[in-house]
Every structure is written in structure tokens, then in C-alpha cells.
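Labels for the chains are A, B and C, by order of writing; each one numbers its residues from 1.
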């Protein structure tokens, strides 16, 4: 005898399965969006750190770059970059319910496919524009923006605004998306594990290499191409200090960045149903703290005072370094990774300035470039085999040298070298062409005056013009003869 | 034979249904709260943008208005405003488990009911104070606050603090809630679709008209009633520029607003189970970007320099414009809507100043008023019929002129006209009465000195008093004879 | 006859139960993390409020303390503090799946156990480091940090940096965790209800006593130990005002704190499945508003001007006061609690300065200490019996004096007295020892010059050196002879 209630049960169960099935999707979209918003807010942090560490006379220029890089970046990534990054065998195909994973442009070597870039999803045209794809776009977009805003610090105080604008288009459409495709979009760095047996391929959880090294390498090449600020180096090659104009601004920016990083790293699961997010968050916190403390102790002992700009850069260095390994390591390792980063950033900044003779006003090369490399290498050392089952299609969990898998470290090093080579070459090429077209550097006269009026048409702090004392700056700030430009102030 | 396990299955299933049934509620409350918190944080963005764009001598006054408008607004909306807005046929009735949808004060015309305001929920007294109602209150409250804080910019640098306080009470209890009831609380603008066949009635997803136009129209009338700042216009009617005192502050505020807007627009679903939220977020991002880029290109070409205040106002204009249509349009339309807004804001600001001779220190009329109107009109043009099934009780999805429904555009225009007429008249009336009672404008002497000491009793930057050079301001800043007021500093 | 589909149904149901069972955990972790991030962001708010209310010449010093207290605090709490706070009968045992609730060090009196501190979880070593424990650690950590950053305001402008560093270690490892264990970790204040019949024991929903009183009491003792700033008091004991150097900075900080408080209070459920979160959020909002409004009205009437620093401190006072009772009271009570706080903070600051002759540059004692006490007392008065079933193992809901349970108020008062006695004694003892070791106060010469260069090696605003006019400060600011320290600026 068939129980009469059974059909109801089966129907109810089916309905309930549908209801439950939608909830993880909704929860994961909420998580991806909110953490993406936090990453977007890091743009404010970068704006403050970079502007605070530069001089008053360039404050409007640095701020404007940090504002507009977001605008330009969104447009470029929407039109082109997203398709190049994720439009191949990566997540777009999956999220877009597209079972043909064949939109990646690949090279076949020895019978194996090595992906170079995606080819689907330009302009987010209608068919692809589902909620899941939109969430993915937003999250990837703010990561790209983070990389794009890093050179505005290293190249500040002498970069022509028009050159900055064009270069930002290149970053958002080509430079960043291609390397991101290689690591996160199913490209050849990701498949090195499967294809060549190198651990899980180049693994970078939240972007020590993809985002930060890319920003740092662009900074190094860009600062080198532009040359040092007038007055930075003496004729004998020794450097002069050029003080930050607003320490509270820089510290506020650092705290905003540390806040936003809680989106950056934990959000990179793209899923709240993966409860690893809380371990990622705590590891991020631990490394930021030990980075600040270690940098503080190191500069205090070495230079006599715990300079707050180094406390800030130490915290940022710890954050950059933990970004790749945050999901794969334990708490004590996180403390150690951050502490190394805190010392490394100080030493690296010295090398950049004194050995390489490169002028980086905010320390971006040391913070993002050097510690970005340290981050992926740290993953290759400290990954403890507790997470990352099946990552990049390779069985088992991600494991570093100290826990038994030296090949993982090797894969990380290949990722570092590929970044330096590809991003470095692209940056140099792009700036070379832009330089020919419109010039990369402002005139010496504009640089002496400060870039705000010549480039942007406004003073950052009009009431303070003339209060800058010559003693504190190698060059004298010229008074603007024509403060009242033809441009209206808002509402005028 | 009855299977003995079946009763257990039925019981288990029933329990599970209960468990699952609560999860969407919890998730939606989380979403509504967190996005509401982000909107509240926009208060900091407004404070910074408005203060940064004004002069140093009024900085404490502008900041204090932006802080206190939140306090006054919460109290007024708690006591009265929320009940007027949502205490009728709108969401309060639903959330409050009240099946009698009859607390709306309506006019009956031609056998149909036209709602004017709600009448239930004053003071959030006990019976109504459920979690769902509390979440709704919080979200609606911060939207009201956004409208309320807009006039503090347009009327800055000459508005008497006591007049501001009283007017803020009027906004939060009457001006905003009534128009919000018409559109979001089940009032006559919402039911135009059902009653008169005009599309889905006046549709405004997240407040281009309800919040921003309301703020912009109050700004226009308020700035007109107050009159221009001393020195703004010459005797021949030509305007003088009055430079922003702190560009980094204004840019930081803009980035905070762009961050908070990710709460404003996506949060307006009030539900994370509606995964449209991620498309809303991306459309918001796209329009903010194209607004900044378009404004930048336009002012660069027209005035010679990419003034950062216009980059900022362009981004804000794009955000205001996409606020109404963000859920209903595609990605390319969002780019276009933002780009139009970016140009429109510059042109509109010129018209306000040169044609209307109205002095708006921060550009609030152009940003929020003009682009608020553009936002709802853009919905009437670009809504592509992909979302909004059953909106305002009308079958089918929301569709604009370019996709086949010209009546929707007509409904949007009625909403715009109603806003101008109602909000304009109420603002004029309220300021007229307040002016009779306590006066709206500070004395010329206080205005010349700066409002900080006469009105607030403190200098914003006491160390900088006297550093303002006369050359950069039409009027001379007077030194405060009696800096040390009777008031204690904190801790004194 | 067994229905052949039944086993499938049972299997499906079992699978579904598992799937559903994980979702609440994921949702609650998301909630705890995101609200924890918001609390971490309050560090930026404190940094801005404290720096804004101090003088320009100490701005880098105050900012650096606010940055480094987070770094030091994380390391100390990771190594020791968390285990002491939560490693006993509290949540760690539960979250860690450890059924033996016996890691609390207890005193047995009259046959009952009174817990003093936990003893498990040092260094977050591997076995304990689950997602749930990590989320709990993060949330408790940022609460500890909030307490730790409060004294940096009250002791600002004369506190030696090395003393601050050591004291912060003591806070994060001992002072805070022990009292937090007593209230939130299963210690004797929590079990007073069960053991002694005093209501539900000392109940503090989100930390009016655990966080804010602890910070306030440390501030009082610390400011007393350090003594007043040079020039603060005249020989006859009358105080001199020392103006805040940057009002917009202080107001921005206040708005950031009010934003972060939406993490602080609602997050303290540690669960989004408890939809009480939205009522907690609204009560928090209401009290912050009535605090600002009440303080504004009070100072306006009493001193003639609505000083923005008092609007800010009034808002903060309302927030501190509602922190303990926010989950247990109704909306009108929240308005009342905040309004009392807004007046109380002004009166208390006067008492601190004029009666106790203690110099608190930012008003931390009045805001956090006095209103922290008012918060837990308000819970003992206004808790309306609508929430807290089974809290601290006591049947029934939490109910205050006005709703019938005077014993609850008594338990709150014991918590207040225990805080004053324990935190006060520990602070005094720690500072006594630190003073012997390295000294607590900077030299008079350094204080006169400003702490930035002597202590930190940088000027906060190097371009503004020398612009401070003597008239506005009791002591003259000395010019730094040696601006260019041996330390490199970032990138140098």
C-alpha cells in the first residue's frame, strides 16, 4: 500500500532543495560583494598614504591620480581587461554557465596547452551579465585597481597627468589582466602544476604577485624611466630626505588599507561557505601587526627613533607578504612572515634608494614589489598542507618546502620571475611609447612650482601657499602668479 | 503497511523547513543592516566633501552641521518621519505583520485611492519594534539623512546654525517622509501605474528623486533664500571663484561616498536573496567611473585643466544618476548614463551660477538636483525590461522608452515635477517661517570673520588663524579678538 | 510493502540536513567577521579624534600611538591575552569542541567556583585554530584593541613612547583579558547570577564596562600618574583651555567611530541567526543621536555656543552608554539613555578637570569611564525583560529595576566597582614599574617643543613648523634645530 503522504514529502523535499540550493549562492554573492566593496575602499587608503607622504605642493595632483585611476580602470577593465583575464578557462566560463572552456588563447608546447589570455566577455554585454559574473567582475576589478594605483605613489611629484591617464588605460586593459590570467584565469602559471608537476602551479591566494608585485614592478620601472625628483640626489649620488607633508594623513591611509585588506584576503575565497575565511582574516591581522612591530623595533634600534612612516610601511609590508600565503599557513607562521616583511621593507627601501639610485617617494617598490615577491616565496616555504585540495586541478593540498614540497617553492619562483620579466617589459614599452607621444615627465619649472596649479589648475591648500619654508625642501616653491584660473570652482 | 520511518521523515522535513525558512530572513537582515551601515558612513563623505570645498574659516561650522544633521535626523525620523513614510500601505504594514493596510491617509479621486502619508509607527513603540521593522527603519533613516545633509553644502558659509537645526527637524519629520511615502510607501506616485496605466508608476530604485532630487531642490531654494556669499558676485553679476580650502579632503570624501554608494544602491533590494544585487553594484561602479572620466575630459578640453573638484563632482553625478535605474539597465547603458551625468554636472553648475545667479559653494544643486532628475528620466529611457516584475502592483517588468514603454518615461517625469513642486514649496515655506522666528542668515560681520568662532565658539584650525592671505579671498578674514571662549575644550 | 522511493527520500533528507546545517555557521562567521572588521576600523576613528583634539606639535606622536597600539595589541593578545580571556569555561572551550570545561583557574568559596582566568589557547597553536575559534579571536581582539587605544588620548602630549609600548603589552596580555574573562569568559562576575542569585550576573552586552570603563579607568589613573600637561593648570589650580588643533579631523573620527559601532554592538551577538541584531543596531543609532543632540543643547544653553567637540563627545558618550544595554531595552529607553549620556559627559569632564584636577586632553575619562559605568547601570535600570533568555546560565530574560528586578542593578554595580578596583590597581602598578624602568613622562623640554621630533623623529606637518602662534598656546613651540634626522623618509 502506497502511503498517501509520500508524494507530498517528495514534493516538499524537492521544493526545499531548491530553496536551500539558492541560499549558498546568495550568501556567497553577499560575501564577494561586501569584501569587494572593502577592497574598493582601499583606493581611499592609497590616496591618503601617497598624498600624505608627498609634498604639499603636489597634493592635489597625487589625490587626483588616485581618484581618476579608479574611473579609468573601471572603464578599461569593463571594456577589455576582464575578458582578457577571466574570459578563458577561468571563472567566467564557469560562472557564465558556459561549458565550452575554449575561449583561452593558448600555446601548445609538447602536446600541452599553455594559456595566455581569455577572449570572452568584452563590455559585459548582455548574455554574460548574470549576477555571478557581475560579482566576479566587481571583485576582480577592484583588485586590478589596487595594482593600478601603486605606481601613482612611486612616480608621484613629477609624472605628467596625461601620461598617467594613458598608462592607466594600458594597465587596466593589458598589463594587469594578462598576468592575472596566467595565475587566476587558467593560464600557464596556474597549469604548471598539472602540466609540469610543479606542486599546484604558481599559487597566489589573494595577490602578493598578481596585484602587489605587478604594482611594485611597474613602480620600479616607472620611477626609473621618470628619473628622480629634482633635489633628491646630490651630485655625488647621495640622497636627500624629502619629508612627508602630512603624517596623520599617511597613518589614516594605512589604517584604511589594513581595514580594506580584510576584504582583500578573506574575500578571495569568493565564497562564505568556505569557512576558511576566518583563518585567512586572522592570519592577515597577525602579519600586519608583526610587520608594524618588527619595522618599529628595527628602525628604532638602527636609526634611533620609531619613525611613524616606517611603522606604517611595516604594517603594509606585512599585509602584502601575507596576501599570497594567508589561507595556507598557521598563526605562528603568519607572525613570522609579517615580521620578516617589516624588516625587509626598510632594508629594501635603502637598496632602492642608495644602490639602485631610484627615487620612490612613498616606498612602493619596497612595500609592494619586494614584499610581494616575499609573499609568494613565503607560501612556497610555509604552506602547511592544511588547505587547497585540488587547487589548479592538482590532487592534494598546497604544501611548501618546510612541510615537504620543494617543487611548490620552485613554482612560486617561476611566478616571480615571470612577473618581473613580463610586467617590467610591458611597463617599459608602454612608457616608452607614451613618452614619445605626449611625454612622461613634467617640466622642471612645473616640478619646482609644484604640480598642482600647472597640471590640475588648483592649489590643494590655497590658504597655505607661501607658508612652505625653503629650509625644509631642496627646491624653493614658487608662488603662483595666476591663482585664479579660467576654470570654475564647483558651483561656479 | 505503513513504513515506520515515515513519521520521522515528515517530522524531520518539517523541522528542516522551519530552519531553512529562518535563514533567508537572517541573510536579508544582514544585507539590509550592512548596506545601511555603509550608507550611514556616507555622512562622513558628505562632511569631507562639503568642508573641503568651503573655506578654512568656516570648516568647523560645516563639519558641525554634517555631524548634527545625523543626530537631529535620527531623532526626528524616529519620532515622526518613519511613520509618515512607511506607516501606511508601504512596508511597515507588511513587516509589522499587520494585515490591515489602511493606515495611509488617502484622497479618493474618481473611485481610486491616492495615498498621501502613513499614520502608524511613531516613536517605534513596542508592538511595532520587531527585527524586520528595525532593519527597515535603519535603512530608511540613513536614506533620509542623505537627503538632509545635502543642503548643508549648498547653504554653507552663511547659514545660521539655529536655522539649520530647525530646518533639519522639518526635513526629517515632514519634507522627506511625505515624498518618500508617495514613491516608496505606497503613495500616489507609486500607484500611478495601477491607477492610471502609466507604466509601473514613478519608479526610483534607490533614490535619484526621493533622496537626491529632494536634497537638490532643497539646496536650490535654500541657497536662493539665503542669497549669495559676500564677494561671490560682482556688481555686474559676474561671479568670482572662491577656492576650495582642502582638495585632499574633498577627494577623500568623494571616495567615501563612492564606497558608501555600494550600500545605497545594492542595499535597496532589502534582500540578498535577490541576487540582482551584484548587477546593481556593477552598474553603480560603471556609472561612477564614466561620470568621473567624462567630466574630466570635458573640463580638460573646455577649461584646459582636469580640475580634481570636477573629477570628484563628475563621479558623484554619475552615482546620483545611476541610483534610480541601477537595477533595470545593462552595463553599456550604465556607462552612458554616467557619462552624460559627468558632462551635465559641469554645464548645470554653470547655469546655476551664471544664469540663475545662485551661489552653491559645493555644486550640490548640479550634482544632486539636476542629476537626480536625469537619473529617473534615464530609467524611463533605458530600462530594458529585465527586472521589476510586478513592481508597484503592475504586471510585467519595468521598461523604458528605448525598449518600448513611453508611458514609463511619462511617469518618471511626473515624479520629477511633483518633487520640484512639493519639495520646493515646503522648503520655501519652512525657511520663510524659520526666518521670521530666528533668522536664516548670519550677520555680515560674522560671515566676514568666518562662522567658526561666532557660531560654534571654536576655530577649526586654531594654529592657522591669520595665515589666510587676503589675495585669495574676496573678503578679508578678521582676527578673533577673543579666541578663548567661555566654553571648555573637551576634558576641561 | 516498502515504498521503493523512501530510502532515497531519507538519504536526500539527510544530505539536505547537512547542507542546511552548515549554512547558519557560515552566515554567523560572515557576520562576526564583517562586524569585527568594522570594529577594527574604529582604530582609525580613535586616531583621528585623539589627534584632532591635541596640538599640531604632537600629532605624529598621537597618530603613531594609535597605529602601533593595534600592532602591539594583536601580538600580545595572540600570544597570551586570548587564552586568559576565553581559554576557560568561556567560548573557546565550546568553539574548540573541547568538552572538558576545566581550563579556568578558579577560586572555590563556600563550595562554589569563581573563575579568575583561562589557561588554554596561547599562540593559537594548531589544534585550536579552527574557523570558529579564529572568528572569535578576531572579534575579541578588536574589542581589546578598543580598550587599549583609549588611554593614548587621555595620556597624550606627554607620554613617553617607550612607556606607551610596554604598557600596551600589559593591557593586551593581562589587564583587559582578566576583566573580560570575569564578564565574558565565564569568570566570577558572569556567574554571580547563578552562584549568588544576583539577576543574570554582571551583564554587559557589548562592553560598556569590559571595554569602555576599562579604557576610562586606565585613562584616569594614567593621566593622574603622568600629571597635567605644562601650562594646563595655573598656580591657583584653575585650568587653561588648550584648543584642539583640527576640528574636522576630530569630527571625521567621530563619524568613523559611530560607523564602526554598528559592528561593535550588533556584532556582539556573534550570530546573524539571532535577528535581534537589527534592534541592537537601531538602539545604537538612537542613543548616538540623542547623545549628540542633548550635549549640543546643554552646552549651547550653558556656554552659549554648540561647540562641535561637545557634539562629537556627546555622540560618543551616547554610544558608550548604549553599548551594555543595547540588546535589552526599547527604542524610547535608548533615546533616554543617550540623552543622559550627552549631558553627563559634559558635567563629568568638568568634574575631572576642576574637581579632580586631572588633565585629559580628549575627554576620554568622561566619555568612556563615566559613561561606561552609566551604560551598565542603565542596563540594570531599563532592561525590559524582552531578551537574554538563559543568559549566564540563569533562567528567564534580563530585567532591570524599572521592570522588576533590582538585583540585576546590584550585579551591574558590583561589576562597576570590580572594574574600578581591578583596572585601577593594575594600571597604577604597571605604570609604577614602567616608570622605574624607563620613565613614563617625556622631559619638559621635549614637551615644550612638541613630542613629534624628539620622540618620533619627524614633524607631523613639516611645512607648518613655525606657524603656530604663541598666543594660542600656553607654552611656546620651539623650532626644531635639526629637522633632518638620521632616519630616512620612506623610499630613502
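We adopt the following convention: a residue touches a chain if its C-beta (ideal position, glycine included) is under 8 Å from a C-beta of that chain, and two chains touch if they have at least 3 such contacts.
Predicted model only: the values in this text are computed from it and were never measured.
Asker: With a Cα-based fit, what is the angle in degrees between subunit A and its identical partner subunit C, given to the nearest 5?
Answerer: 120
Asker: Any idea if subunit A and subunit B meet via the same residues, over half in common, or different ones?
Answerer: different
Asker: Between subunit A and subunit B, what is the separation of their C-alpha centroids in Å?
Answerer: 32
Asker: Enumerate the residues of subunit C that touch no fewer than two other chains.
Answerer: In subunit C, the residues touching two or more other chains are 1, 3, 6, 9, 13, 16, 20, 23, 27, 30, 34, 464, 467.
Asker: Which of the residues in subunit B come into contact with subunit C in the complex?
Answerer: 1, 3, 5-6, 9, 12-13, 16, 19-20, 22-23, 25-27, 29-30, 32-34, 36-37, 40-41, 43-44, 47-48, 51, 59-60, 63-64, 66-68, 70-75, 78, 123-126, 129, 131-132, 134-135, 137-138, 141, 161, 249, 452, 455-467, 483-492
Asker: Note which residues of subunit A are touching subunit C in the complex, please.
Answerer: Per the stated touch rule, the residues are 1-3, 6, 9-10, 13, 16-17, 20, 23-24, 27, 30-31, 34, 38, 53, 55-56, 154, 239, 241-248, 251-252, 254-256, 258-259, 262-263, 266, 272-273, 275-279, 281-282, 285-286, 288-293, 296, 299, 303-313, 315, 330-332, 335, 349-350, 352-353, 359-366, 464, 467-469, 471-472.
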